[in-house]
Structures are given as structure tokens and as C-alpha cells.
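Both complexes below contain chain A, partnered by chain B and then by chain C.
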Partner chain A sequence: MPELASKQTPPSEASQKDATQSRPSSAGSPSATGAPQYVITAENLTKRYGDVAAVDGISFSVPAGEAFGLLGPNGAGKSTTMKMIGGVSQRTSGNLTIMGLDPDQNGPEVRAHLGVVPQQDNLDEELKVRDNLLVYGRYFGLPMSYLKPKADELLEFAQLTDKAKSKVDALSGGMKRRLTIARSLINEPRILLLDEPTTGLDPQARHILWDRLFRLKEQGVTLILTTHYMDEAEQLCDRLIVVDKGKIMAEGSPASLIREYSTREVLELRFGSERNATVGAELEGIGERLETLPDRVLIYAHDGEAALEEVSARGLRPVTSLVRRSSLEDVFLRLTGRSLVD
Partner chain B sequence: MTKKAELTKKAELTHSIPAGTTAVPALRAHSPEVSAAKARKWGAFYYAEQVLRVMKGYGWTIVMYGVGQPVAYLFAMGVGLATLVDTNSTAAFGGVSYLVFIAPALLISAAVMTAANEFTFPVMDGFKWRRVYYGPHASPLTPEQIALGQIIAVTVRLLLQSAIYFGVVALFGASPSPWGWASVLVATLAGLSFGLPLMAYAASIKEDKGQFAMVMRFIVMPLFLFSGTFFPLDTLPLAVRWIGWISPIWHGTELGRVLSYGYEEPPLLTIAHVVFLLALCVVGWVLTKRQFVKRMGG
Partner chain C sequence: MSAITTGPGPGNTSVTEAARNRHFGSLYSRNVRAVVARGLMATKSSNWMVMLSGFFEPVLYLISMGVGLGAIVGSVQGPGGGEISYAAYIAPALLAVSAMNGAVYDSTWNVFFKMNFAKLYQGMLYTSLGPLDVAMGEIFLALLRGLMYATGFTAVMGLMGLITTPWAILMIPAAVLIAFGFASFGMGITSYMKTFQQMDWINFVMLPMFLFSATFYPLSVYPQSIQWLIQAMPLWHGVELLRQISVGVFTPATAVHIGYYLVMIALGVLLTTGRLRKLFLK
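Let's look at the complex of A and B:
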């Protein structure tokens, strides 16, 4: 795998160099010192709708080739951020550059660099599967001599070759999603924006999609994705930000976030819903942190088994007990709370 | 050993797909800079191409509508009804047969009705139902180009449909003047002058409450009936004659009559028809552009 990755990197660097050389004022210009080459930089990025700040002064930079995730509950400002990066929504204030360009000033130029997978599929349902790719490629002024073989290649990539002549109507949800991803790749973008790419898909379809996204990452494509599936973020993202109410709550790699905001393991105990609430006092001092939920008690500890032994030693008999590794979900819930967001 | 070789081969196969094969020259898209420059220049036509491809899906319907409607109307009105009408003096119709009198009106009305359909439901589909505008919106195209592309595509349809319609009219011998063909252009202009303001309205609708059905019933139908279509406008009482004056169908029809049988009217009035239709197009386009930018830009 590393071999493949290294084999794939040179063209991506070359193409970015080409891209940046033609623009003297590029913020993401490559430097001889080997400093990271940022394809996206946001400083104090803000979007207001009337009095409501959907995105409230967030800053981040994404180097080329990284898989960067935006995590957050509904209404956190993820999609709004994605729209601003995608050059389809104007920011209220702050700075934003994509490949060194301001999307508010150079919308078409910025969008020409991107592949976009929106939250809702917006395929041309009346056109055939392959025609969807051809038509979309035309928006980039690509000639048919390129588009026809490219469409076939992408259909292969999206495992839709058999469906090339079907109408989009006839595809399953997972197929439509894969076609949307194939469509977003028609212009060979170096940056791919994916807004909740696997929401609503069954596990098989999700795993196929993840596999395809991995391959793109191996080819050096920068992935920017939003998701509220924590396993997806852990699988795909090199680095992520947790966003809540338009602000960044935390930033880092999945592993570093778990280290920072959670313990290595979590012990889950169920004493029955009556007893869960009262047992807290008796568990005091076990592990590093205790969280009482209506259905279970969570003990955050470095060593879950040891914590469980301590629970037994105190003479407590939970109905069920489970020791598991801490996950990004623990971090997410700790940072954004457990109350429902509508 | 063989298994290993097999695995390697399999790995090569799977990896060769995204990487491109070695024998064929690698498939490369032109640079984003080229994409953006091309889209800035030709974007509206790129989107028009998409709309026309979708229309091709119901191309047969378009042709049948183009042929079937004039045949039916010309038979029913121009031949059937005309046998009664023509027993009276043709003076009221400027000395021509009833068939010749109504043919331009039917041609113009058909274009306006097509425009009324093409500039309402597809726009709602673009913004709301299937959100088709948001695909190209993420590409280098601008909202303005998407709107213009749709207009270009509908213009093509109007030209094609009106040409077929006129062909049928000519076969019925209902366009004696050598300038009759130009009424195809007038029909297209009339369609746009009615369709563009309607497109602006359609683009402003956030929720579908059956507004378009109301437009068809309470705007398109009355205009069709009271625009000097089946009888000269001045036979109507003054109280309802204004419907004709504000109607693109009336202005278009009067122009069509001038062209197809040399209907006589003051030259100033002829100019007024053209100006009125063009003005509606301009106002409609400005409002449409504003709505599209507002809806897809914010």
C-alpha cells in the first residue's frame, strides 16, 4: 500500500504546482522548506443568517492529500461550512481560500477544482446512468473524447458498469450514492467534498463506499467530509474537527482526540433502570470518570477489567457488564452533550 | 506460488482501474483553470445541452404535440367551425377566411402554452422537487448561466415546435403571405415574453400549493380566449378588451396576422407589439436572474 501511495503522489504534487504557479497570489503555494501545502485555509470563517450564526468564527487548514472530517450534531454548521468551501454560499466574514483562491470572488475557478457529493442526491433522474456522468462533465467544458472513456472508467470504479444504460430511477439508494460520487470525479478533482456521504445506506453499501474513498485517498485526493457516524470518521479521517453551535470544540486525529477527551477503555454497567440512578455513589472513585445514563452507567477507565474487578470487590452485582475500547463516539458525546438536537 | 501469482495479478487488475492502463495514453482531464475559463464563456450552453438531453427523453411527445395540436385545432375551428362562420361576411376578419384568421392565433397560443409549462414545473423541479439545479450549481456554472441555459433550451423547443406548427398551417393553405414563416419567430418571442416573467415567479415559489394549476386556469386560459384569438379583439366590450392589450398572445397574434396574410394595422401599432413583447422578455429575464442568484447564491 505505501508503494502505491508514493507512486500516486507525484502527479498530484505536480498538478498542484501547475495550478499554483499560474496564480502568483496563491496562499497554498508550495514551499521549498517542505512546509505543508494547504489546499484549504479558513480563518475566523463566519456565516450569519439574520441574528443566527450558523458558523461562528472557525479556523482550520487542510494540507493536500489529507482526509479531513467535520463532525457535529445536526445544525452544528457542518453543511454551511461545506457550502462556503464549495463556493456556493457567501461567507459573512472571515477569510477562506481554496487552492489559494477566494470562493466569493472566483466561484467558477474554485468550483472547477472541486468534486462535490451533496447531502441529498441531485442526479438527473430522467437521464440514463452514463448520461448523468457525460452531462456533468460538460459543465466543466470537457470534450466528449475525454468524457466517454472517463465515464466508463468511473462506472467501473463505482461498480455500476451493468447499470450504465439504466435510468437513475431504477437504482437503489447505495447505487445512487455511488453514482453521485462517480459524477463528482468526472473532472478529476484534487479536492473532494462529501457531505454525509453514507447517511441512509445499509452496511454493505457503506463499506463499498469507504473502500472507494480509501482508493481516492491513496491517489492523493484531499477528502473533506462531514458525517455523524463516528465509525466512519475513525475509518476515514486523518484529522477532524468537532463542531457544535458553529464553533470548533476540538481538533485532532481520531486517536489523539480519544486520548485527550476520553480514557483508553470504557466499562458499561447495567443495574436495571431503577437502580442505575442510585448506584452512582457506591461506584465513586472507580476509574477516572463516571457517567450515569438512564439505561446504564459508564465508567471511563484506563483498564476496564480492573475497574470491573473493583466493582465486584465492592459487592455490586450489575445485570450486565461490558468492557470496550473508547471510541470517537465517547469523545463526541462528551463534547457536544447527550441532549437531543433538532 | 501460483496462488501468489494469481493474487498479484488480481491486485494489478484492481489497481489498474483508477491508475489507468499503460498501453493506452492516460486519460487526463484538462486543468481546472481551463474548465473555469470554458464554463465562464459557454456555461449557459452547457446547461442548455443538459435540458435538451432531458427533453429528448420526451422528444416524441414534443413532436406529436407540435403536429397533433395544429391538425386538431385547424380541423375543428378552421374547417369545421369555419363552415358556419364563413357563411357570414368575412369583413370582420379583414376579408380573409376564418381559417386564415385563426391560424396565426393558434400558432402563437400553442407557443405561449408550451412556454407556460416549460417555465414553471421544470423550475420547481430544479429548486425543490428533485433539486436538479443544485448539481450544476456545484460545478463551475453560475446561477445566472443555469437560468439562461434553461431559457436557451426552451427557446430551441419553441422554435422547433412553432416550425412544425407553421408547416401544418402552410399545408392547410392558411398562410398566404410569403412572410408567413416569420410568425415562427414571433411565436417564439411571444412564448418567451409570457414565459420569462412566469419563470421569475416560479423561481420565487418555495412551496408548491398548486400555484401553477391556478396560473394555467386563471391566466393562460382567459388570455387564450380573450386575446383576439377566435374573434377580433374590438368585437369585445371595452370592459374586457384590456385583457387583450396586456396579453402577449394578442400582441403576438396581431404580429402573426400582419406576417401571414398582410393584416393591415397602423405601423406604429406593429412596432408597439414588438416593443411590448421584448419589454416583457427583458423584465422577465432581469427578475429571473435576480431570483436565481438570490436562491442559489446566499
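Let's look at the complex of A and C:
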């Protein structure tokens, strides 16, 4: 029904807006007053490859303007979920609507609303930097009169103006990433999909990138990002789901997840790889919870320093000790018993 | 509301446009020209030297075989029974071969690289483009290249005095038809290829086809069973078609040759689109 309406609507700006705004409410609750406008709704979303469920019945909704994260280890089903949102992978079962449209049925229309930053840069190496933006815009059927000023504006945004005429392979990793993001913005997407946006970048390049993403968020672009870096998720995401083996383990804001699933502080102790496994019994009772990893022992406690004093009082001498605040990494460890980055 | 800057947000207009124009579901968004424009831009900036070499290859064959070997062979019997020089006999065949080679190169090696290494198509399919836009665009580029080669080669034939009838100008569109047949199939076949070793099989099929498809001597030298085998191959139909056109002799067989390619094109486009859908929209 909403799809039908959009086809009959003349392509004027005002009616276009009405159509898209009415869709989520007609799909969800009938009384739309005050209810958030969801740009993405997934219900029981499932993707199977043969017998293996890459995504196993996940449900979530993303309101417009939110930065929404999918946090999980490699192989958790994050990228598959992204592909289904982009309509380049067909779901096995469940429901998925993007801006009120089904990506399996209306792939090209859905993707006209999307900007996509894939895990691996797939810039067009045969084209120069600025031409990459122009040509990509043409793929959306956009006119050159719009694309030329837009490309210059995006180069400015990506801090690549002086590289406009360079070849793509002359760019650094961080520059390529920024160009990929600039490219994904050429169609003024309402939703930006970022698959591991900063993997493989050095710290400085990551911070520049995060700054650019913050600006987009301020401008009201909905960000969907996958990451296995908890600091990235904490920096960027308003809300996130922790996924493992295709299922949602937890959902909430970074702070609320940490509050719910971890203590305020963590004491990290290293006794050497031989001792780590056996020292557990001797640490019993310190802090609220103990986690033994191959390379270290984690003690979850409200007061990390106090826990460390207790360790010393028991006559234990770790090689190194560190007190830090809990992070999403700890949440993930608690939920799955495994660390995020293997 | 969610726009990054002021501006008309043309993305939205294209949505409605695409919705109205769609006939092939998620496969096609009527934007083949964007893929073609990309190809032309890439050619302009990087690989025009490769293109130039593709033009010279059949010309060198024509000079060495036609002029060199032709001096020994003398004249041979052309289609319709008339005597023609050996160079005039093999020239249309070489044109068919060059149409085949150009189309196959563009639709196999080139596509293989873009698919597996440059990840070009993955990027394209994350836009409003559908697989059919991409396939048609790439095939069109292969044909454009075939058209340039065919035009250039026909001009060389003219300069060498091998053209005796105005009908010969029709060799150009006929060469494009041949290229279309090979390009549409080549891309579909390439989609099955995963490694460079597998890609070598393509050469393994192409070389014998080039040598034995009545390119340099008439089919009648073979025993009947071999003749049938060769007549089942696409290149033989291309060679015969161009050879007939080059002297302006048309028989019912002309229609068979053309029909062969029309069927090949239809099946090839079907195969390629199906494969692209399977590969990228799985």
C-alpha cells in the first residue's frame, strides 16, 4: 500500500516527503503522534547459507538521525545484516523495511536513499579522485549540473580538495577511506551504512574520520555502523546491539550496557601465561566477578584500586596490573564468554 | 530535513523516477549510460594503449598471411564461385576473429578483473544500478570497441584494394553482431571463473576456433564429421557471414548465420543477467 502510493505520487519535493514520513507510521502504530519515525525496521530478520544461519532472527528499529551500531566479532553476521539492508543480499525470512520500502522488492529505490561504505574500499582505481565522485553520482542517475558542485563540496568535507586530480592509488589508507565516505554521500543519503569504517587505519586517521562522522550525525544523517572496536562504538553510537553468532545478545546505549552488564571498574592482572590459568582460585572473592583469559585475569569490581590492594594483601605479585573503567569489550566478554578481537 | 547541505536532494527525484520506469524488478534501473560513461572515462585515462594494440593484431595477420602467403597461394574461389585474391579471402575472416577476440577480451579478462580484484561491480550494485544495467553497459562497451576495430580494419582492407563492392560496408555492423554474441556469452561464462587457471580455459577454446573455423582455407578440406563440429561453433558462422558480405553474395545460409548470432545474443544476455543476480544479490 505505501509502495503503491509512492508510485502514484508525482516527483515533487513536498509530496515525496509526505510519502516517506507516512510510511513508517502506517507500518507501525496507527497513532503516529509523538512516536519516533523509524527509517529501518527489522523483524525476525534471518539469513541462511545452506544450514548455517549467518543472521538468526534479529529484530531492531532505528529512528531517523540515530547513530546505531552493530557490535560483534568477525563472523557475527554484521556485514550480512548490512547487505540485506542495502538490498544486495536477499533475506531468507523475516521482515525488513527501509524508509518504508522492502529492499528485496525495491532494491534500486532503497539504495537511492542509502550511502554505503563497505568494509574494503572499492574505489574506482581507473578514475581520478574527483571523477570517482562524479561517476558514482551518475550511477544514481543524478545530473552533472548537480554533481559538479556537490563533488567539490564533498572533497572539501573529506579534506581532499588538493587531491581532486590525483589517482586513487596515490592516496593513503585514511584518504581512501575518506574518499569512500565522500562518495557514499554523493546522493545525499538519509541513511549511511558503514561497515568497519576505521579497520586498518592508524589512530590519527581514525580520529579524523570519527570527526567527519560526528558532523554527519549533527546534520541529521542516520548512521548504521558495524565495528569490532569497542572504543569506536562508544565514541559514535547512540545505541547499539551486541551480536554474536547471528543473534542479538543485548541492546542499549553504550553507557547503559556497561552499567547493566559490567562493574564500574576492571582490574587487569598478568601473571604470565603459565600462572594465569591457575591463579584464579587464589583470587576468589575479590571483586564481583572474575574472568580468566589466556593472557590476563580480569577482576570486575566497583573500586579497582581497592581490589588491587586486596590482591597484594593476599601475597600475590602480578607481573603487571592495570585499573581501568569498564568498556563494551567487557560487556561482550560477559555476554559471550569470548573477547571481541581474537 | 536530513539533507547534508541545502540542495534539491536529487536522490529523491531519482527514486520516484526509477519506480515509474522499472520493468525488471530489482534488476534494472534504466541507467546503462552511467556504466558506459564510466567505461569511456576509464579508457580515456588509462588503457587506450591496450585498445590500440587490439586494432593492430588482425592488421598484422592480414599483411603477413594475406600478402606473404598470398603470393604463393595466388587466387582462390570466394563465395558465389568468383576468383578472389587470397588476402581478400582471409580478410573478412580475420575481421570476424578480431570482433571475437575484442569482445571476449572485454567480457572475460576485463570483467574477471573488475569482478574479483577491483570490486567494481560490488560498488556499482550498492547504488541505484541493477545487475542488468551493469551487464548491458559492459556489453555495450565491448561492442563500441568492436565497432571501432571493425571500422578501422575495413578501412585498411579498402586501402589494400581488397574491397570490390559497396556491400562490404555492411561488414561493420555484422562484426558488431558477432562481437555482441561473444560478449554476451563471455560475461556469463566469466562469472563462473574463480581463478586465473580457469580463465586460461577460455584461450584453450578460442585458439582452435580461430585456427580451424575456415579462417585460412575452406571447410571442404575436412572430413564430414569435423565439418559438422566446426559448423556448430559460433566463429565459423561469423567468418562465413562476413565473407559473404565482403563480396556481396547472399544465400539462405546468410539468414542462418545471422539467426545463429541472434539466438546466441539472447541466450548470452539471459545467462549473464541470471549469473550477476546470483552473484551479487544472493
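Here, the second predicted complex is superposed on the first by the 302 of 342 C-alpha atoms of A that agree within 3 Å, B and C clash if a C-alpha of one lies under 4 Å from a C-alpha of the other, contacts with A are read in each partner's own complex, and residues count from 1 in each chain.
One rule holds for everything that comes next: a contact is a pair of C-beta atoms (placed from the backbone, for glycine too) under 8 Å apart; a residue touches a chain by one contact, two chains touch by 3 or more.
Quick caveat, the model's predicted, so the values are computed rather than measured.
Partners chain B and chain C, once the complexes are superposed on chain A, run into each other and clash. In the superposition on chain A, A:Gln105 contacts chain C only, with no contact to chain B.
In the superposition on chain A, A:Lys150 contacts both chain B and chain C.
Touch criterion not met for A:Ile248: it reaches neither chain B nor chain C.
By the touch criterion defined above, A:Val323 lies against neither chain B nor chain C after alignment on the C-alpha atoms of chain A. By the touch criterion defined above, A:Val221 lies against chain C but remains apart from chain B after alignment on the C-alpha atoms of chain A.
Shared-chain residue A:Ala64: touches chain C; no touch with chain B. By the touch criterion defined above, A:Leu335 reaches neither chain B nor chain C. Looking at chain A, you'll find residues 86, 88-90, 106-109, 111-114, 116, 118, 120, 122-127, 131, 135-136, 138-142, 146, 150, 153, 187-189, 216, 219 touch chain B in one structure and chain C in the other.
Residues 1-5, 7-20, 22, 25-26, 29, 31, 33-35, 37-38, 41-42, 45-47, 118-120, 122-130, 280-282 of chain C are the ones that touch chain A when the two sit in their complex.
Taken together, the chain B residues at the contact with chain A in this complex read 15, 17-20, 27-40, 42-43, 46-47, 49-50, 53-54, 57, 130-142, 296-298. Residues 4, 8, 15, 18-19, 22, 86, 88-90, 99, 106-109, 111-114, 116, 118, 120, 122-127, 131, 135-136, 138-142, 146, 149-150, 153, 156-157, 183, 186-189, 215-216, 219 of chain A are the ones touching chain B in the complex. Looking at the complex, you find that chain A touches chain C at residues 6-7, 9-11, 13, 16-17, 64-65, 86-90, 104-109, 111-114, 116, 118, 120, 122-128, 131, 135-136, 138-143, 146, 150, 153, 185, 187-190, 216, 219-222.
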